[in-house]
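Heads up, the next two complexes both have subunit A, just with different partners, subunit B and then subunit C.
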Partner chain A sequence: MKIEVDYKRCEGHGLCEDQAPDVFELDDEGDLIYQFEGQDVPAEHQTAAARGAAACPVAALRVVQ
Partner chain B sequence: MTPVPADGHVVIVGGSIAAATAARSLRNRGHAGRVTLISSEDHPPYARPPLSKAVLTGTDVPESAYLPELEGVELLLGVPAVGLDPAARTVALADGREVGYDGLVIATGARARTLPGGGDRVYTLRDLGDAQELGQLMRQGARLLVVGGGPLGMEVASVGRELGTEVTLVSDTPPMEALLGAHLGGLLVEAATAAGVEIVRQPVSEMQQDQAGRPVAVLADGRRVDGDVAFVAIGCQPNVEWLAGSGLAAGPRGLEVDEYLRVAPGIVAAGDVVAFPAESGCRRTPYWQSAFDQAVTAVEVLLGSGDAPHLPRPYFWTEQFGHHVKLVGSVVGDDAPEELPAAAGTVMRWRGSNGAPVGAAGIDCPLSITKLRKLLASA
Partner chain C sequence: MTTTETAPTYSGDIYTDAALLEPYEDYRALRELGPAVWLEKHGAYAVARYDEARAVLMDSDTFRSANGIALNEPANEAILGCTLASDGELHAHLRQVVAHRLTPRALRPMKDLVRERADELVAELVERRSFDAVADLARALPLSIVPDFIGWPQEGREHLLRWAGANFDSFGPMNERAQRAMPQCGEMAAFGAEVVRTGNVLPGSLGAGVLEARDKGEVTTEQTMMLMLDYLAPSLDTTISAVGSAIWLFSQHPDQWDLLRKDPSLIPNAVNEIVRIESPIRAFGRLANEDTEIGGVPIPAGSRVLVIYASANRDERKFERPDEFDVTRRDAVHQLGFGLGDHGCAGQGLARMETESLLHALAQRVTRFHLGETERALNNLIRAFGTVRVTVDTED
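Presenting the complex of A and B:
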């Protein structure tokens, strides 16, 4: 499982971080840091990552298999 | 409540964030039985917040608002539920089918409240179709009459000015004050006025149509305000009509639940349809974060995998007139909030009567929801 982040869409709400703090983090500038950029999400983080992606109110996070 | 058996069939009625989150949570918690989602909309679940923002301006195509695809969920789209029999555990659909369930999640949300009269150029905004239609008219330069000074009315007014259309906004109360208080609400009103929105503070007593077919708002003081199109944003009302005759406590104020989001044996509810117990009786909290959180808890309760009541964690945001406001908790009436140092933008914090922080807002400031919440814990 991979997650594609549309950084242009992201508005920095942090609802993803709220659901999955080990996967998504917002830095002090409000920029999203996605821990597994360009890699497969490790198995132990997949459920949380999917939950975080689904919480985004602007649909900036896509889950791709 | 007896938990739904591991191989039981869970039916979710609704097609938006509460319904989609419930479906996903069932799978995340390892529920092995069938999951069926029944929605009256033709689109798969999508996010509504972009509808009054990037989808309305035309920057984003409708499909960009779709939520991540649901796996292992049967979608019955374009077919409303019309009845519920809690004793027989069946949901009746508009096409005559009956669907049996072991567990049911009610997530039918809400629809826009309307004003009678005004002719056929009076619009509301709730779904993708509405956003496309209204957006097109606004991009063609139609003069806009907005009724309602809540977030939706103000966001659409803002998009109107961005697109260069003339906007008059009529509101009986000071715009944004109910949610953001006099101080912060006042800042947004100033921004709206500076952007060229004419704000008229009057109740609308009636909507009429002039001879050219244009909608006209007749105000309580007798004045008349017209537009090429009118946009009415005076709140939303819960979709509970399909529950008539089911014996559930559903009415114009919503579907009453207990603090575990339980409605009846085998039935839970989440989202805009829910009236959740509060100090002042059951109240709806029709916001994204609330719908999401409630759906997660409701599924835990339905499966018997969690025993904690739903704890509301209010989060609200709006984008209008060049400002981006995020609020956790709630504001306190007319009180001027304290301003906290911020690297960019402004951070405000409100304290309750006992001095404890109850609300924090970031205005054009990059603090995430997690960091704003910390401001409520510290201090």
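Presenting the complex of A and C:
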């Protein structure tokens, strides 16, 4: 499982971070840091990552199987 | 997907006073009828279930906003060209001009101010013990912040709430409420146009930013007038609705208030839950751009589609115990009350900040809300109270 982040669309709401703090993080400027950019999401983080992606209010996160 | 089914029909008017007061049985009936239901009275397909509502919002190529938001043509024509009622690249460009300073990232410097104002306001109200959670709390905070932030001139501010209410009434079917609203929508548009013409906005405000974009040639004067409507209409009533509903809900569910007081980190989730169970915006329309289908129900090109957020948010297919108010609900964040995708509410960062700040301030001081007189404020689009009288208990 991979997650595609549309950084242009991300507005920094941080709802993904609330759902999956080990996967998504907002830095001090409010910019999104996605821990598994360009990689498969490790199995133990997949449930949380999918939950985080589904929480995005502007649909900037997309789960790709 | 095959589109062999035809749409079930619903003959009820979901915009009568009685239906607006108690909408949830109509919505349940619509959900049970199917993924898309033809509303005979309103000439639109209702999308009342969660999955399909989400899918329609996410497919903004097929389900367009221009000429599609309201259930009547005059209102759709009147708002054509604001971000709410535009599509595609034009929409992306206009939204950037209107909303780049509204993102949570850009709003970070506002946080202390909003917290402070919420704290002062709540301290004063708690001192009084008894107050109207709509007039004194829900309206007071946004009115002390939003008009300055957007930069409206002082003269005219007294009309902002009346205009915004009229604007939302105009989005319904052309019933009496919408007819009464149309002249006031005209007043609001004239105010926006006058602000653009005279440049009479507070320096450094969001409104000033839009005028600068016009001066740089990023948007035309005509577009600028429409963009002012994006600020005029939705920045107050929606938040006011959520805060009024919040106090009404917590006064009836003291166990939920106890949870919040014990663990204030639940507050952001509580805001999602409030918006889920008492969605401030009932529904927005879309216009099908081509022959398509919703959950297998064929939708011909040119059809009006009504995405009912307030129903999707109580869909038993999606949410367990959907009619129960539960601030610990794990999937409350999936609520669609702010819309989603391209047209997802641009001001939700500020709305969340205001609502969370008030709940924080209240949670520090109030142990119980005792409900007094309540009165609904009927509106075609916004579900809200006009009055929620409460008396509060405190620890000391």
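Convention: the second predicted complex is superposed on the first by the 65 of 65 C-alpha atoms of A that agree within 3 Å, B and C clash if a C-alpha of one lies under 4 Å from a C-alpha of the other, contacts with A are read in each partner's own complex, and residues count from 1 in each chain.
Operating definition for what follows: a residue touches a chain if its C-beta (ideal position, glycine included) is under 8 Å from a C-beta of that chain, and two chains touch if they have at least 3 such contacts.
Worth saying up front: this structure is predicted, and the values here are computed from it rather than measured.
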- Considering only the touch criterion stated at the top, classify A:55 as touching first (subunit B), second (subunit C), both, or neither. both
- Note on the structure: Of subunit B and subunit C, the partner touching more residues of subunit A is B
- Query: Between subunit B (first) and subunit C (second), which, if any, makes contact with A:47: first, second, both or neither?
  - Reply: first
- So the subunit A residues that subunit B and subunit C both touch are 11-15, 18, 29-31, 54-55, 57-59
- Message: Give the list of subunit C residues in touch with subunit A in this complex.
- Response: 58, 103-105, 108, 268-269, 333-334, 338, 340-342, 344-345, 348-349
- Item | subunit A contact footprint on subunit B (complex, rising order) | 17, 20-21, 24-25, 28, 46-47, 49-50, 54, 64-69, 288-289, 292, 315, 317, 319, 324, 326, 343-344, 365-371
- Touching subunit B in the complex, subunit A uses residues 9, 11-15, 17-18, 21, 26, 28-31, 47, 50-51, 53-59, 61-63
- Message: If we count contacts the way the header does, which residues on subunit A are in touch with subunit C in the complex?
- Response: 11-15, 18-19, 29-31, 54-55, 57-59
